[in-house]
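Here the chain labels run A, B, C, D, E, F, G and H in written order, and each chain numbers its own residues starting at 1.
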Amino acid sequence: MTLHVYLSGEIHTDWREQIIEGSQGLDVIFSAPVTDHAASDDCGVAILGEEPNKFWHDHKGAMVNAIRTRKGLEEADVVVVRFGEKYKQWNAAFDAGYAAALGKSIIVLNPPEHQHALKEVHAAALAVAEEPRQVVEILRYVLTGTLPG
Amino acid sequence: MTLHVYLSGEIHTDWREQIIEGSQGLDVIFSAPVTDHAASDDCGVAILGEEPNKFWHDHKGAMVNAIRTRKGLEEADVVVVRFGEKYKQWNAAFDAGYAAALGKSIIVLNPPEHQHALKEVHAAALAVAEEPRQVVEILRYVLTGTLPG
Amino acid sequence: MTLHVYLSGEIHTDWREQIIEGSQGLDVIFSAPVTDHAASDDCGVAILGEEPNKFWHDHKGAMVNAIRTRKGLEEADVVVVRFGEKYKQWNAAFDAGYAAALGKSIIVLNPPEHQHALKEVHAAALAVAEEPRQVVEILRYVLTGTLPG
Amino acid sequence: MTLHVYLSGEIHTDWREQIIEGSQGLDVIFSAPVTDHAASDDCGVAILGEEPNKFWHDHKGAMVNAIRTRKGLEEADVVVVRFGEKYKQWNAAFDAGYAAALGKSIIVLNPPEHQHALKEVHAAALAVAEEPRQVVEILRYVLTGTLPG
Amino acid sequence: MTLHVYLSGEIHTDWREQIIEGSQGLDVIFSAPVTDHAASDDCGVAILGEEPNKFWHDHKGAMVNAIRTRKGLEEADVVVVRFGEKYKQWNAAFDAGYAAALGKSIIVLNPPEHQHALKEVHAAALAVAEEPRQVVEILRYVLTGTLPG
Amino acid sequence: MTLHVYLSGEIHTDWREQIIEGSQGLDVIFSAPVTDHAASDDCGVAILGEEPNKFWHDHKGAMVNAIRTRKGLEEADVVVVRFGEKYKQWNAAFDAGYAAALGKSIIVLNPPEHQHALKEVHAAALAVAEEPRQVVEILRYVLTGTLPG
Amino acid sequence: MTLHVYLSGEIHTDWREQIIEGSQGLDVIFSAPVTDHAASDDCGVAILGEEPNKFWHDHKGAMVNAIRTRKGLEEADVVVVRFGEKYKQWNAAFDAGYAAALGKSIIVLNPPEHQHALKEVHAAALAVAEEPRQVVEILRYVLTGTLPG
Amino acid sequence: MTLHVYLSGEIHTDWREQIIEGSQGLDVIFSAPVTDHAASDDCGVAILGEEPNKFWHDHKGAMVNAIRTRKGLEEADVVVVRFGEKYKQWNAAFDAGYAAALGKSIIVLNPPEHQHALKEVHAAALAVAEEPRQVVEILRYVLTGTLPG
């Protein structure tokens, strides 16, 4: 059994690397959005032409990024959605809703202070974790039946 | 043609009332989440029993609210998602993602300062508005072909 | 908003009547399997001809009953699955699984002693109740936003 | 033609091993739930944190197990559901219902004394067997056209 | 509960009338193909222009008839497929296959001498009847729980 | 049987009126795009704000019009796609492709000189007509079994 | 591009072998039902136990065969349905209907005398051929763009 | 991550070759219609027999070509639709509509003078490009996160 896992959300810490490294040896194929913030913001205009209006600048980029995001979400068995401590992070919640409607298994990863604000997202999840290590432990258990410790 | 319109998101201003009132005479059936904040937070424990742990208190409520939210989203032709000026509002972005995966027509309603943070949500929308009046004008145009003014 | 509610499971107590009566005045359309035990067991052979072998006797009946069950489950917004105190009740758990795969909102109604054995069914539910009254309260809240008391 | 076969249900006898061993040389990929009873019961709290309340202890575990179960069911061509002689086994019947709604080919494996109680599950099955050997014979026939003996 | 029932197949006897008349008072909406044989054969060329080649003459008609057939099959809860004593009746078996793939409840109505030749169609059915009266009895039982006699 | 019919395509002649008038007395519910050319072109900017760039001017309008078009296409049983004598009419072909992927019954209405260029669209249609009168005759036949003349 | 092709229908002539042999070198994966007539008729009782009643004898076999048939049909890109000169062949027409509802590309292969009786099946096909050689030519053209001769 | 990309539309220039060559080293699998114009027009009659009527000549060919087109569209993650400077190109717009209804990521490639006529097609696209080079840049960015320059 190969698990396809999409790593959605926060791009400012190394949580993806922790999960990927921790999962070495497991039969997991990871995917993720482009995490280079500048490239992600500017991809639309860099390729398809400048826009004087910020809305369309952003729009063109978000549309191009959606090609990758949808592919990742639709192919995933498990979608891990990470909420960091800062920013609005509406794209993360959007991905969670998209994954929920597709019937994906969702793992939410967030600091405890966001608990109340995330309750609707948690209601669609199969696991709520605080640490990347716990995500790795879930993947290991799901694939091998082995618990930590 | 009857349009089913689900009004998702912010519950602290009267934007729903403005849209519903402005749409009088149009063939629209509106639905919405429970907008009584206290009832919405406590519905789970009030009906199904107290929980000492805040996480499960919230979880039980969010699950019960999901019965209404999913029904509203799945029956809708148009989902209007309102982002207000405050709070995390991850439930709004979650609903937008859910609606997008179902192929619903999405109208996002937000103040201009949220533009950049909402770019992924906007990329899934057919219209981005700033005022409830514009949502009414869209509904009127879609149903009758009449433009404002 | 009209809720279609399918009442699946145990047929030896009056829980369905309690829920239907308690929901008077709410915009709910209920459906349910045939609850006449003898008719339900014998419908296949009574209509389509006797079977000397008990397996096929039962099979013919279960197939005819499936016409009604599938219609009820597929049209439902909410599926209430009641587990009583006795019997195997595999049909109830089967309906719960069927409803889960269709993405229906599930409410499980069971006595507390069944909790551990029902944990996989509960994991697919949006609410777990012990009393028919609680189901009514959920339906009322979902439709009107009103909490008990 | 490769058959994906999910082996659902009873975890106290070696029926899975019998089927897997008997199918050696056939183009079958088997999957199954975690069959370590203790790990399966405790996986949620072991990874995501203790729960004083037994309901949430079980719930967390059932949710984590659902990641594997759904993956297995959704990828399967054939779902074998085994009912043993003891216990409620509602998870097995739940899996059968889930598989039925997804249109999977279902083989039920049960001792004859459960026949009447399983008639609704049998009504969704393409084969009802009593011995693991018969499941192997079905898989061999489906893949190679060869009958036993 | 309203049942939508599509009456597919043989058009040379009055079996449809028997079922419709026998179902008076039941909450059933029947649909059926055009049963005027000449109109059914010629509808394509009569409306869309003559074809010298018999294949295209038939093709144009079959395509126009498919508008009605698909609508009837897709809206149906129950598809009754009648095989008469004569002719190839491949359209009836085609409708049965189409209904099976859509997950419809299928009732096959055929004389006993066709049993062996129809075994694959029967394998997709929830009931196999020989008389229109039995179809009425199934519909009455499914809707009201009442058995004949 | 009520047929929902969406009338897609050319907006410069009175073909829609001819079909609607000719269908009086038939159980048909028609829908169509906004056929006021100026309103259709300008609806986006009129409601959501001016755009200096013609591309975004058009884009905003096309997105708002898509709310109505998708609703009409998704609810339709039959999609009539009219190609006139002039213009690119890519929106008509787009609607035909969209309808084909949804499995709708398609009737194409075009002058004979477009035959070769429309062959891929015709390959997805159940009828190819040259006159609105023929569309009416198809609808009458599908609903009543009556042929013209 | 790899084409999955399911070869449904008549089992008394070597048409499958002709197509498979003719397609050597093309990127095609063929599947087919079990074509050993005796094994196909008896597989149910040989594995799952004797039935004195011919109906259930046939039923058990048809159900087991359905495991293979459904797998083949659901994985296919192209379904070739062969009607021979004799027998009822309702299973072939059933497979055609099943494939049509799944949106598969259908090629019908039949002698010209069956043309009128097959017109509804032809209406769902993308090609109607008389010789296995033509099916090979279609597969070659679809995969390589090369026409015969 | 492997992207499946279908290259639909204009067949008179070397845009496909430019994209395929530019994408060397990227994890992309391309597919496309048969681009030999004469073969594409005549494939139906060359394989399945002559037709004196041009409509059926074209129809037979379009149906055979649909086998390849549908396979390509349904397997694609990204559909690139190229509109050239000449001809009606309704097949390109049809493919775009088909892809849109399937939820595929669409990139439209057209000269600027077609902008207004393509606005409904653009409204369903995630990117609108003028040069094949831009399509390559999008594919490279989506797969590797690297921007040009």
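Just so we're on the same page, a contact is a pair of C-beta atoms (placed from the backbone, for glycine too) under 8 Å apart; a residue touches a chain by one contact, two chains touch by 3 or more.
In UniProt terms, the chains line up like this: A, B, C, D, E, F, G, H = YtoQ family protein.
These numbers were taken from a predicted model, which means no experiment stands behind them.
A.B. asks: For the pairs A-B and D-G, output the one whose chains share more C-beta pairs in contact.
C.D. replies: A-B is joined by more C-beta pairs in contact.
A.B. asks: Counting only C-alpha atoms to place each centre, which chain is farthest from subunit G?
C.D. replies: Centroid comparison gives B as the farthest chain from subunit G.
A.B. asks: For subunit G versus subunit H, what separation do you get between their C-alpha means, in angstrom?
C.D. replies: 31
A.B. asks: Once you find the CA centre of subunit C and the CA centre of subunit D, what distance in Å lies between them?
C.D. replies: 23
A.B. asks: Between subunit B and subunit E, what is the separation of their C-alpha centroids in Å?
C.D. replies: From the centre of subunit B to the centre of subunit E is 44 Å.
A.B. asks: Round to the nearest whole Å and give the separation of the Cα centres of subunit D and subunit F.
C.D. replies: 49
A.B. asks: Enumerate the residues of subunit H that touch no fewer than two other chains.
C.D. replies: Residues 63, 66, 103, 128.
A.B. asks: Using the touch definition from the top, list the residues of subunit C that touch subunit B in their complex.
C.D. replies: Checking each residue of subunit C against subunit B gives 1, 3, 77-78, 103, 105, 126-129, 134, 137-138, 141-143, 145-149.
A.B. asks: Which positions of subunit H touch subunit F when the two form their complex?
C.D. replies: 54-55, 58-59, 61-63, 65-66, 69, 83, 87-102, 114-124, 128
A.B. asks: If we count contacts the way the header does, which residues on subunit E are in touch with subunit F in the complex?
C.D. replies: Subunit E residues touching subunit F: 31, 34-36, 39-40, 42-44, 46-48, 60, 63-64, 66-68, 70-72, 75.
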